[in-house]
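Next come two complexes, and both contain chain A; in the first it sits with chain B, in the second with chain C.
Now for the complex of A and B:
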């Protein structure tokens, strides 16, 4: 029973055991620098290139409140287009990854994400419905949130009613698929009803996912639900560890599971639906990023949650940079994340197979 | 602390499983609960732990009714060692043990330095500090059981409830777990209530034994309860109880089933 000295080599378990030790400060510090570096790089990038020295100069001048010495177009591009878009990218990335990580914990299931639970499809339907009916931006947010929550509730209750003693992981994923396709069908009805001259292209393009039309207005629209969703998750992140052990074990350890689960699911769904309301359907981020982060800092939510937010913010911003600079015409962000995410999910299926059976 | 179960009626919505049983557990005592499958041992445990609402009767800690206690207060007094299963994430053993501190943390807090020290002490108490950085999901069943006990110890409860702590373990690990339980009760003055499917284990470590069978409940010393007659009645097995010298002047009793 005594455990042998660790042998040399890099078996998967060893990779994990290294990751599992409380991450040393440099790892978190490096992760915290990532979004800052990505932010600065993204400022310079774009069809309207701004050389780095000039960028630094503009920032310093702005901070010191000195008079503008650069052209007006540059000022507009930077402050009305590029910075809002970058800020939204950071927030959407952080929101989707954090909610994905939190969902995985409360559903005790590393294979779930906002997309797989149906939250994205629900929120997408809600937002499409709101756009069709000319709701205000607040109205779009609230409708997206309501239907996102409804979809998660559907998935959760249907799967727990079905999975008694069966493979709960698989049933949850399958139920999520059903709910997802149901809400996608509802969205199709909205598209079918929409006026092909203005509403239909608007909804279709928005659904593909992207940050193309973000302005300062979208930043303001995102920032409040972002804070309302992020703060409770951050404060309760230790408890997510306990919830991942299951209902009775968590209760035995002193956690009010009912209350805690509801707060975490509502916060996560708010983050998901707020992202979808401004950026459309950007899939896969909430699945990939928590996984990658877990490989780097280990599964403890104390560090996993903030680290996922930082990684997700950086990831989405970089993908958006690719979307807006690499190709001649801009590619919708959701298409790019899907191209990256689908193979990653297959990889997880292969990896996780042993623990499913 | 003295935990009293007073004429408890336990069961699920429309089905009563246990009808009015009473007993108590005190500090330093090990109470073994024996009974055939499906007789309601788990239901009783769930009720004592507050996972199920009592249909009648009361559970009292030092005379105080605990039905209105918060989960947190519950966990500070009563620890629970479930049958081990694997969580979905590859937590380190140390992380798992630190989770035992949750009941002592504020709602928004994460474990402090002193919580980590307590967790380290719990690992030491069970002699498993070498497992600290291993992955909980990858260690053996016996090791995992010890980690769960160590987590419950970090919780610093006065009463520990253990659901078949020796199930799924090989012979060596069963004895290892039993001797650790015995040590905890003696050294940390924790009262232990545990279920087991092996009547021998009652002889090995318990101070008292409770026998639960459909329509009956008895409690007493191992000698009075674990008898050939009782075992024959509840398990339907022909059993002889023997005495073996333990090498230090005393005897240890054991059950020998006779299969025709």
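Now for the complex of A and C:
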């Protein structure tokens, strides 16, 4: 497992040397341009062809507040369908990869992500439970968040009780898998109990969701938890560095590790459950994007966290562009991220293996 | 330290900027909608009409409807029979076998996806691009899918919802005839459907309770997936005065509900109906050699039927207009002494009237013969 830590660059001495190096500004600027470029490119992509000059004209007219001179249909496609979907794609991608990066730091474990820790499965169960009991849409969100948090807590406490420092990385991942399948099973039980004509399709829709029918309502639903989860992580991100050194060192540096850990876990879980509410369960993003980002900007959370958010937003947006433009019918987003993510995970394992020998 | 402050500010600004973009996107849209909404009603008021759909919703739709998008094959197939030129696509690609019975000009319509099985596979932008005049949805027990409501909201295309129950088929045809401006055609199909349904129900009504058959409906190759009496998928069984042995709650979305072999042995159905769309043919191939199944009365008496499925399944999957013929066929299979119909000529008449294909005696027989349990 030591090798995996090496992949993530968590050896303390290395970390300090890297952390002290000033973050490369041009790299960050380039990363910041990525989602903007992807956003603009995505505006022009879609099954409904909008010629580029017309698109530019519409945007300019909208910004200047001029009267509409284009057909209503164009307006609907752009503002009711395409832009809400792009915005949600950006936010979901940023949320999943930021929470993935934060979890990895807090648990000192490069192999964790929202899905591996059980946060996704827990949130999914919470949502199914809330739908079954006729909660409001805010109630559904809150219940999803609560059970997501519960699942992470289970994973964390069970694994730390079991491992006592031995093989902690592996045991956390295995415990996470157990918790994850437990909550998935609970969800299946709920689906089994649900009224097939009414509740079941709603639960299925919620869990599989996808960004397919994203509207402005979804954008508004996402923004608030997105901001509430994202802002504390951004403000505290340098402290994740300290947490990832280990308990002793962090305490030595005068950081209240317990409180810090809780705030970071709560924020990350909120981001995860809010994403699931919008897009259903999308695996792998929270695992692979932080790793990719680490390869580019290094392990310092000061830059890693915002860079992960930017890369994640771009990645998910581009994948969703494929999902919505390539075929006449939609390709489920989760399938695409798995096709890209699973080989990458194998690559990580191989990296680990080759350095063992 | 200073650099870190700058970084932090940068991240915050970025975060805020994203929110602003999102918020302004929404604000813009609302104003756009406001400015755009009065115009269509002014200029086109005379081209619109208000109708009441089968759920009692008042819907404003264009007077002339040239293009219809159907959210599931139930709708697509009914439109294919009443006014195929209005279809903008199938929901999934038609098989070569089904295409034998489909008029050539419609064989290659695109597959647009739909909301089948609790999952939506349609592409919202693609549907808007094809610009249908209405979205046609079918509801069972009045349950409407959120995805359809959402599609209509996003695209601004009105949804007309019809009732998918078998007995309401004539009513659906009449309403569609009116909406699509093909009233004569609608009435002709509605009358035929009504006549057939009446004929079937009056003949099966004579079956005494003591002779009522107990049916098990197979929806998988291993025979252990089924749907119960409450499901939209088993309406024909109820309609022909037979008893579905499965009375528990079963899921209507997805691919049937799993049951155990012991439970099936315990039910001991008189007749098994296997759906070829759901592995019925594979089931039929193996069931007579299977020791466990051989104890069941339907298997012992070789009373396993696989309904024809071309171009559309006669019984279910989807539960569509072909069930008119399916009901007649099943009544005859189950109760030949009470429901004695000239099936061959009825099959030919149905295919001519509904699908506009002339089928030969041989084709009619082969459709009826896919149904026999023993071959």
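One rule holds in what follows: the second predicted complex is superposed on the first by the 315 of 357 C-alpha atoms of A that agree within 3 Å, B and C clash if a C-alpha of one lies under 4 Å from a C-alpha of the other, contacts with A are read in each partner's own complex, and residues count from 1 in each chain.
The rule is simple: a residue touches a chain if its C-beta (ideal position, glycine included) is under 8 Å from a C-beta of that chain, and two chains touch if they have at least 3 such contacts.
What you are looking at is a predicted structure, and each value in this text was computed from that prediction instead of being measured.
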| item | value |
| --- | --- |
| Comparing the two partners chain B and chain C, which touches a greater set of residues in chain A | C |
| Contacts of A:300 with chain B and chain C, given as first, second, both or neither | first |
| Chain B versus chain C as contact partner of A:220, first or second or both or neither | second |
| First (chain B), second (chain C), both or neither touched by A:242 | first |
| Partner chain in contact with A:255 - chain B first, chain C second, else both or neither | first |
| On chain A, the residue positions that both chain B and chain C contact, one per complex | 235, 238, 302 |
| Touch list for chain A against partner chain B, complex | 1-3, 13, 16-17, 20-21, 104-105, 108-110, 169, 235-239, 241-242, 244-246, 248-249, 251-257, 294, 298-300, 302, 355 |
| Touching residues (chain side chain B, partner chain A) in the complex | 46, 49-51, 70-72, 74-76, 79-80, 82, 85-92, 95, 99-100, 102-103, 105, 107-111, 130-131, 133-135, 138-140, 142-143, 155, 172-173, 176 |
| Residues on chain A engaged by chain C in the complex (per definition of touch) | 22-23, 32, 46-49, 62, 67-68, 72-73, 75-77, 79-84, 87, 90-91, 94, 195-198, 200-202, 204-205, 208, 212-213, 215-216, 219-220, 223, 226-227, 230-231, 234-235, 238, 302-303, 305-306, 310, 324, 327-330, 332 |
| Complex contacts: residues of chain C adjacent to chain A | 3-4, 7-8, 10-12, 14-15, 18-19, 21-23, 25-26, 28-29, 32, 35-36, 39-40, 89, 110-113, 118-126, 128-129, 131, 140-141, 143, 145-147, 150-151, 153-156, 230-231, 249-254 |
